[in-house]
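Handing you this structure, nothing more for now.
All chains are identified by letter, namely A, B, C and D, in their written order; residue positions are counted from 1 within each chain.
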Amino acid sequence: MRFITRARAVGALGIVVSLVLMLAVNANLSTKLAEQRAAGSAKAPSSVWGYVSQLYIPEPKTPPGTPPVATIPLPTLGTVFFICVLLIAAGAFLIARNPERRGIGGYVSALIGFTFFVLLIWAVAGDRVDLADTLSRVVRVSTPLGLGALAGLVCERSGVVNIGIEGMMLTGACFGYIAALVVGNWFDAAGQAPVWFGVLIAVLTGGIMAALHALLSIRFKIDQIISGTVINIMAVGLTGYLRSNFIIKYDSPVKKPLNDLPIPGLSDIPLLGPVLFNHKPITYMMLLLVLIMHVLLFRTVWGLRTRAIGEHPKAADTVGIKVNRMRFWNVVIGGFLAGLAGAWFALEVTFRFDDLMTNGQGFIALAAMIFGKWTPLGAYGGALLFSSANALQLKVQNYDFALAPQFLQMLPYVVTIIVLAGVIGKARPPAAVGEPYDH
Amino acid sequence: MNNVIPALEVRDITKRFPGVLANDHISFTLLPGEIHAFLGENGAGKSTLMNILYGLYAPDEGQIFINGEAVTIRNPSDAIARGLGMVHQEYALVDTLTVTENIILGTELQKNLLIDRKRAHQEVERLSQEYGLIVPPDSLVGDLPVGVQQRVEILKALYRRVNMLILDEPTAVLTPQEADDLFRVMRELADQGKSIIFITHKLREVLAVADRITVLRRGKVVGSANPHESTERSLAAMMVGREVVLQVEKGPAHPGEVVLEVEGLAALDDRGVQVLNDVSLEVRAGEVLGIAGVQGNGQTELVQAITGLQPASHGKVRLKGQDITALEPRQITAKGVAYIPEDRKGTGLVLDYTIAENMVLSTYYKPPFTQGLTLKEEAISEHADELIETFDVRTPSQLTAAGSLSGGNQQKIIVAREFSRDNVLLIASQPTRGIDVGSIEFIHKSIIAQRDAGVAVLLVSAELDEVLSLADRVAVMYHGSIVATLPAAEATRERVGLLMAGVQQEETTNG
Amino acid sequence: MADPHDAKDHRDPDQHPQDVVEQPAAPSDPTVPATKGVLRSIRWGELLVPILAIFTAILVGAVIVFLSAPAEKGSRLHVTWEAFKGLFIGAFGNWAEPSTIPNALSGTLVESTPYILAGLAVALGFKAGLFNIGAEGQLLIGALTAVSIGVWLPGWIGVESLPAIIHLPLAVLGGFVGGGLWGAIPGYLRAKTGAHEVITTIMLNYIALRLIDYMIVSGPMKDPAGSAPRTPFVQGPAILPQFVGVVRDPSLTGGNTYQPLIATTSSTWDLRVHAGLLIALLAVVFVWWLLNRTPKGFEIKTVGANPQAARYAGMSIVSTTVLTMTLSGGLAGLAGAGQVLGLEHNMKSVFSGGLGFDSIAIALLAKSNPIAIIPAALFWGALRQGAGAMQIRSGISINLINIIQALVIIFVAADQIVRWIYRIRREQGGQMVFTRGWGK
Amino acid sequence: MFQKRFVALLMLLVLALPVLAACGGADATSTPESSNTGATEPTKAAEPTAAPTEAAAAPTEATEPTAEATAEATSEPSTGGNASDLRIGLVTDVGKVTDGTFNQYAYEGLKRAEKELGVKVDFIETVNPADYEKNIDQFASQGYDLVIGVGFLMGDAIKASAAKYPDINFAIVDSTYEETIPNVKGLVFSEDQAAFIVGALAASMSKTGQIGVVGGVEIPPVQKYVMGYEAGAKYVNPDIKVAKVYVPSFTDPAQGAEAAKNQIAEGADVIFGAGGQTGSGGIQSAADEGVYVLGVDQDEYYTTFKGGPAPKLLSSALKRVDNAVFDTIKELVDGKFQGGQYLGTAANGGVDYAPFHDTESEVPADVKAKLDEIKKGLADGTIETGVKLP
C-alpha cells in the first residue's frame, strides 16, 4: 500500500489548516488586546481569552437596534481552540485509520464549514453579528449560482458541456433590462409589470444564446467548450455595445427592481423567516427550481430520457428518442435558467445593467455543479458553499478584519480546486458529455 | 411456403459508402416463427443490412416489405412501430439506469406527470416470467454481467411488442453454456410466432439453431442453405469464397525457461472494484498460454497489470526472474515485451497519424529514430517501408493515415510494430477481432512463428476456437480468477466451456 | 435527414461497423501531409476558410455599424466607411502621409506580440488535448515574477545593478517560470486527479487576480515612492529595449535609464515595438520545432490525439500533461513578461484585461498551427491597434471589435457555416479535435 | 430540418440589429432630450461653480485674436490658436463616455468645450488598461493639440507621452506629478473633502449611530473618499461606527448591493457608495431598503437615479471633473495653458456636495447650516480632513 493516500493527505491538510487558524487567531487577538490597552480603551478585556463573539438572532422585520430574540455569546478564542482541536483530532484519526473513502468527504466538508465559522467569529471578536442576516445573505447570493448550476446540469446531463453560462447570464441581464426600460417607456408604466416583462425577456434571451450554443455544438459539432467560449466572448461584445449605444441614452420611468416578497406568516418566524421566507421572487424561484429539477430529473419521462441521452445517446436513439433534438431543447432550457440568473443581476438585486456585471458567477456555477456531482440538490449544496464564502468575506470586511480581503475573496476558488482535485471523491460526469452525437 | 405472407421481405437493397459497396442488391424473406441466420465474415455487409432494416441507415436502392406492405423505415422508432426490434452487438443499455428504466426508456408509462414506476416494474416482471428471461428489475444495468444485460436487451424489444427480432452477433460475449441458454430462448420466441434474424460468423451456432441460412460475402448474397444439409466446411467455403484451413498448422511446442511469472496478482478497475483476484500463472519460452474466458472476467485487467498500464494492488509480476510489477509501460516494453492490445483503434493506433508514425509509436525516442534532441524522419521512413514490405500492409503510401486502412491492415501495423523489436514475451489480446480471414491467417501464423523462435506467448481471446487452436496450454478465467489451467490436449470445448461458466470441477483450485 | 452538408461525406471508420473498413483503401484516401518543412505543414487550401471567415465577420460588423451609426458623424454610409478606414489607418498608418506608417505598424506589432505568445500557449495546450483557459492567470503571474526580478533582483543579491546580459535573461526567464508554475498546477491536477483544466484554470485566473490585487494594491510589491497601485519601474538592464527609440528622461521611469537598441531623436521613429517581438518569434520557431521535430513533441501530439494509445506506447500521460501545461503557462508568462519588461516597465493592479481570453481565439484562428499563429496574432493586433482610430473617426463603440472577434471565432470554429455560405467543399481529413470532454 | 433551424437562428443572432438600428435612430432624434436629463443638468445643479465658468466662457471670441498672436509670437507649448482648429482628444479610463462615472463627467466637459469654445473634439474609450499608452498615442501621433487622459492609472502613460511629444499638451484627471512637466496638467481633487462633507451629513442623519460606505477597487481616489467619509462622520459624532467595504471591481453592482444590505443589517442607516457602478448598485439597493444614501463623483440624482424621484438620496460627493476639463481646454484656447497641477478643492469649487433634491425637506436646517459651515471651514483651511494615504 502506498504511504500517502487521499485520507492521509486530507487529514494532514486539516491539521495544518487548524493549527494555522489557532495560531493566527491567538496572535491576532493578542495584538488587538495590546493595541486596545495601549489606547486605554475601556472595551479591552482582561486577557486574550476574554474576547467574546456574539451571534444574535433579531426579531424579524424590526429596525436595527430592536432587542434580539436571542444572543449566543461565544468566547472567541475558546471556541476557535475547541473547534480546531476537534478538527485536529479527526485529522489524526483519518491519518491513523487511513480509510479508503469513508469519512473523507465528511471531513473535508466539516473543515470548510468550520473554517468559515472560525473566520466569522474571529472577525467579530469583541463585537456581534446578525446570524439571521448572515444566513439569509448566503441564500440570496446563491441565487445566480443555483440557477447557473441547474442550467449547466440540464445541458450536461443531456451530454452538452456548457461553459457559456456566463455569457448567457450576461446577455439575459442586458436584454431583460432593455426590455423593462422599453416597455416601461412605451406604456409609461413605472411599476413592477415592466420589470416582470424584463424577467421574461431575460429568460428568453438566455434561451436564444443557448440555442446558438446548441446550434454550433450539436448541428455543426463544434467542440462544445469552444462553442461556449464563443458565447462568452460574443456576450461581452454585444452587451457592451448595446449598453453604450442604447441603454445609457435611453430614458424610462422604470427605476426599481423587483420588490421584496415576504411570505405572510412564515417570514415572521425568527431566524427561519428571514433566511427562507423573506426574499425577492427570483430567489424563491431558484429554491423551487432546485427541488423541481430534482424531481424532474429523477422521476419523470423527460428526466429519464435526459439522463439516457447524456449517458448513452445511441441507446436512446435506438428506442426512438430524438437525441439531437432533445439535446437542443435541453440546452435551450438551460439557457432559460441562465437567463433567469441574469435577470437576478439586472432586475432583482438592482435595476441596472453594467458591462461584465455577472463577474464570473457563471463559471463558479459550473464548479458548483461539478461539486454537486451533477445532481440538482448537490449542485445547490455547491452553490451554498460559494455563496457562504462570498457572504463571509463581505461580512467580515466591516469589522476591520486582520486578513486582507483579497485572501478571503480567493477562498471559494481555492476550495473549488481542492474539491475538484477529488478530495471529496471523484465526481463522474455523464459518460457522453462533450461528444457530439451522430448516428 | 408461398402461401405464407413473409413477416419481412427485402428486395434489392443496395447501400454505398464512399469507395465501398456495402450492400449489393440484397434480397431475402423472413417468415413468421422462423430463425433466419445470416452468416458472413466481418465486413461482409451483415451489420449494414441490419442497420438499414432498423432505420439507422437509409438504403440507396431497394424496398422493404413488412407483412406484405411496402414500408420506409426512417429511424429506429419507425422500425419498432412496425414490430422490428434489434439487439446490437454492443448493447444499447444505459449503465447508470436500472433494468426497469432501461426497458421502458422511450415508451414510458406515466401517472400524474411522473413515471409510473410501479406499473413499469410489474410489466417487466411479467415479461420476464413469460419468456423465462430472469432479470433483477431494480439493479443498475452497469452492475450486471453481460449475459443478464443481453436478457435486458431482449426484454426491451419484447416490451415494445415486436414480432421480429434482429440479434447481431449475440453470442460473442457469452459462454457456450450461456449461448445454449440463449438458443433455448430464441426457440421459445420462435415457437410463439416471433421471427428472428440471427447474425453470426460462427458456423457451429448457425447449425445449432437456425431454420434457414443466408450467406453474405462482400456485400452480396452468395447463397442460402438449409442447416440440415450443410456442414461447417461447406458453409465456410461459401462464406470465405475458397476452402479455408480452419486449423492453424503448428508443430509441437518446445517450452524453455520460465519467462513470465505472475504471482497472486490483484487489481481494481477505475471504479475501485476488485476485478482481478489473486491470479498466478507462468509462461515459458517457446509456448503459447491461451487464456479463455468470457469477456469481462478480468482478462483486460490481467493484461494491463502485466504490461504496467494499470497498477496492481497486490501480487508480483516477474520477467525472467526480474520483478517488473511497479515498472512503467515503457520500461516493461524495453525489457522485451510485445503487446497487441485488444482495442486496436482506441489503444493500438493513433488513427490520425501516418502509418510511418504508428510504426514507431513506442520506439520513436530511441536511436536511430531520435538522435540527440531531434527526430530523424529518414530513419522513420525507412523503417516504415521495411515493415510495410515484410508484414504485407496494403496501403497506398506510408504517409497514409492509419485510420483510413482496413481493420486487417491496421492490425498488421500493430503486429509489425510489436514484432519488429527483440522480444522475449508476446502478449496478444484479441489479436484477430473483427478482421478479415486473410489477415487472421497471417496473424495466427506470425504468432506461431514467434513461438517457434523462442518467444513466450500469452494469448487472450474471447474466441474459444482461437484459443483452442493456438494455445499449448489453456488457462480459464472466471470472475477475475484463473479457475483452471489445462494442457491443450485436455482442453475440450465442453470442458473449457463449463469452466468459463464458473462450474467448478474437482481437480481445479484457485490459480 | 439527407442533409447535403452532412459530415458523412468523408470516411469515419469509427462510425460505421467493420463492414466498411474492410475494403481496401481507395486511392483518393487522405494522405497526411509529410511534416517536412515549415511551409508544407500549412494546408494552403485550408487557408481560404479563415480568410473568408474574417471577411464575413467584418462584413457583418459593417452591417452593425451601418445600422447603429451615430447621427452626429454624418450619413450611415459615411460613418461605416470612416469606421473601417479608421481601423485601417490606425493599424497600418495613413498611406497618404507616410510619416504615420512606422508608428502605426509598430503599434500593431506591439499589440500582436503578447498575442503571439499567449496564442502559442493555448495552441500548444490544444495539441495535447488540453484547453488552457488559464492563459490569463499565467500571464499575470508571469508578469508579476518578471517585474519582481526586474525591480528587486539586484537588491536581493546585494548589488547596485546587474549587467543587462544577466539581468534581462533572468527577468524573462522569471516570467516563463512564474507562468509555467501557474500552468503546472492545473496540469498536475488534471493528470493526477482528473480535475478538468477548464475549471481549475478559471479558478486559478481568479486567484491570480486576487493575489496581484493584494501584492500591488496594499501588499509588499507596491511602489513605496508613490501612492499609485503599481510596482516600481524595472531597472534599466532588465527591460526589453525598443528597437528604435528616443532615450527617455530617467525621471519618467523611476530614475532608470532605458536605452533603445538604436537611439534616435526623431519622434516619428520613436517606435514602441520592442525586443519582446523577437522573443515571440523565437517562441514560434521553438514550438514548431518542438512539435514537429522532437520526440517530446511527438509525445505531446500523441497524448492529444489518443491518450490511451500514448499510454500504451509507453508515454507518460502525467509527465506529458504537466510538461505541456508548464510550457503553455510559461509561454503565457512570457507574454506577461514582455508586456511589463518591454512596454509598461512596471505592473499595475489592473493589467492585461483579457489578453489570455483573446489568445484562445488566436489559437482557434490558427488551427493550433504554430506558424499560423503569427498572421492570426497580427490580425488580432491590427484590430486592437486600429480600434482607437476607428472610434475617433466614426464614434463607434470599441465593443464592435469584440463582436467582430466573436464572429470570427464562430466562423472559424464552425467552418461549415463559411463553407456553406461560399459553397466550399470540405477537404478530406475531418474536423479538428481541440479538447477532450470533462470526464476522459 | 436543421437547415431551417439554422436560418432561424441566424435571424435571432441578428435580433440585436433592430435594437442597434434603434440606437442609431435614438441618437439622431432623442439625443437632445436625453442629454437634457442626464448630461447637462448636473451642471445646472451645481450652480455656484457653473456660473463663473459660464461667465468666463462668454468672452472667448474676444480673446481669440490675442491667443493667435501669442501662438505666432512664441513657440511655447501652451499654444493657443483659432479655436475651431484646435483638436482635443479624450482618452477615457476603462469604461464609456456615458457610463455615469468620471469618464462621463470628463466627456461632458469636453462636449461643453466643443459647443462653447468651438474646438474639435474626439474621444477613445479604453477597454483595457494595457491600452492607455496606445490610445494616447493615437491622438498625439496625429498632432492633436491637447490630449486628456482620465484616470489615476493613466498617470505613467501620460507622463511618457508628454516626454515623447513635447509639442503637444496633455492633461490628466486624477493624477499629478511631483515635479512640474511643462506640457502636462494634472487635474486632481480633494476627494477627501467632498467625502468629509457627506460623511458629516451621514453622521448627522444617522439615528443608529452606524453608517456604511461601499468602495470599489482600493485605489487612492477611492481610499480618499472612504477615509474622508469616516473623518467627516467622526467630526460630527466621534462615537459613530463606520462600516467600510471595498469590492474588488468597479462593475459589480450585485456585490455592491449585497455589501450595502449587509451594512444595513448590522445597523447602518446611511450608505455612501464610492466605487463606480459597484457603489451605485449599493446605494440603489440601499435606497430600496429604505435607508438614506449618498452618491459620488457626479450628482447621482441624475445618473443612478435618472432624475428622480429619489426620496432617499441625501446628496452626492461631487468632483467637478467636467469643469476642470472645460477650464483646461479653455486655458488652451486662451493661450494660457501651463503645465502643473490643478487641485480641485472646496475652496475653488472643484469638489462639493450636490443639492438634496427630494430630501430637501427631510434634512433639518441646522444640519444644512452645519454642512455650509464645514464646507467653508474646509475651504479656508480651518477644518482639515486629516486624510493621509499610507
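Keep in mind that, in the parts below, a contact is a pair of C-beta atoms (placed from the backbone, for glycine too) under 8 Å apart; a residue touches a chain by one contact, two chains touch by 3 or more.
All figures in this text were calculated on a predicted structure; none of them were measured in a lab.
Graph distance from chain B to chain D, where chains that touch are one step apart, equals 2.
With every chain reduced to the mean of its CA atoms, the largest distance from chain D is reached by B. Per-chain Cα centroids separate chain A from chain C by 32 Å. Distance from the chain B centre to the chain C centre is 46 Å, each centre being the mean of its Cα atoms. A separation of 35 Å divides the Cα centre of chain C from that of chain D.
Not a single residue position of chain B touches two or more of the other chains.
Counting partner chains per residue, chain D has residues 2, 20, 23-24, 27, 31, 96, 125, 248 touching two or more of them. Under the contact definition stated at the top, the residues of chain A that touch 2 or more other chains are 238, 241, 244-245, 406, 409, 431.
Across the whole structure, chains are in contact as follows: A-B, A-C, A-D, B-C, C-D.
Across the interface of their complex, chain A is touched by residues 54, 56, 75-77, 80, 86, 88, 91-97, 101-102, 104-108, 110, 113-115, 156, 160, 272 of chain B. If you check the complex, the residues on chain C that touch chain D are 1, 3, 60, 63-64, 67-72, 76, 90, 100, 103-104, 107, 110-111, 209-210, 213, 217-218, 227-230, 246, 248-249, 251-253, 267, 270, 272, 339, 343-344, 346, 348-355, 384-385, 387-389, 391-392, 397-399, 401-402. By the touch criterion stated above, chain A contacts chain B in their complex at residues 100-101, 295, 299-301, 304-305, 307-308, 311-312, 314-321, 431, 439.
Of all residues in chain B, those touching chain C in their complex are 17-20, 22, 42-48, 51, 58, 74, 89, 307, 309, 328-331, 333, 339, 341, 343, 345-354, 357, 361-362, 364-365, 369-370, 373-375, 377, 394-397, 399-401, 403-410, 434-436. On chain C, the positions that touch chain A within their shared complex are 7-8, 15, 64, 68, 70, 131, 133, 185, 189, 193-196, 198-200, 202-204, 206-207, 210-211, 213-214, 217-219, 357, 360-361, 364, 397, 399-407, 409-410, 413-414, 416-417, 431, 433-440.
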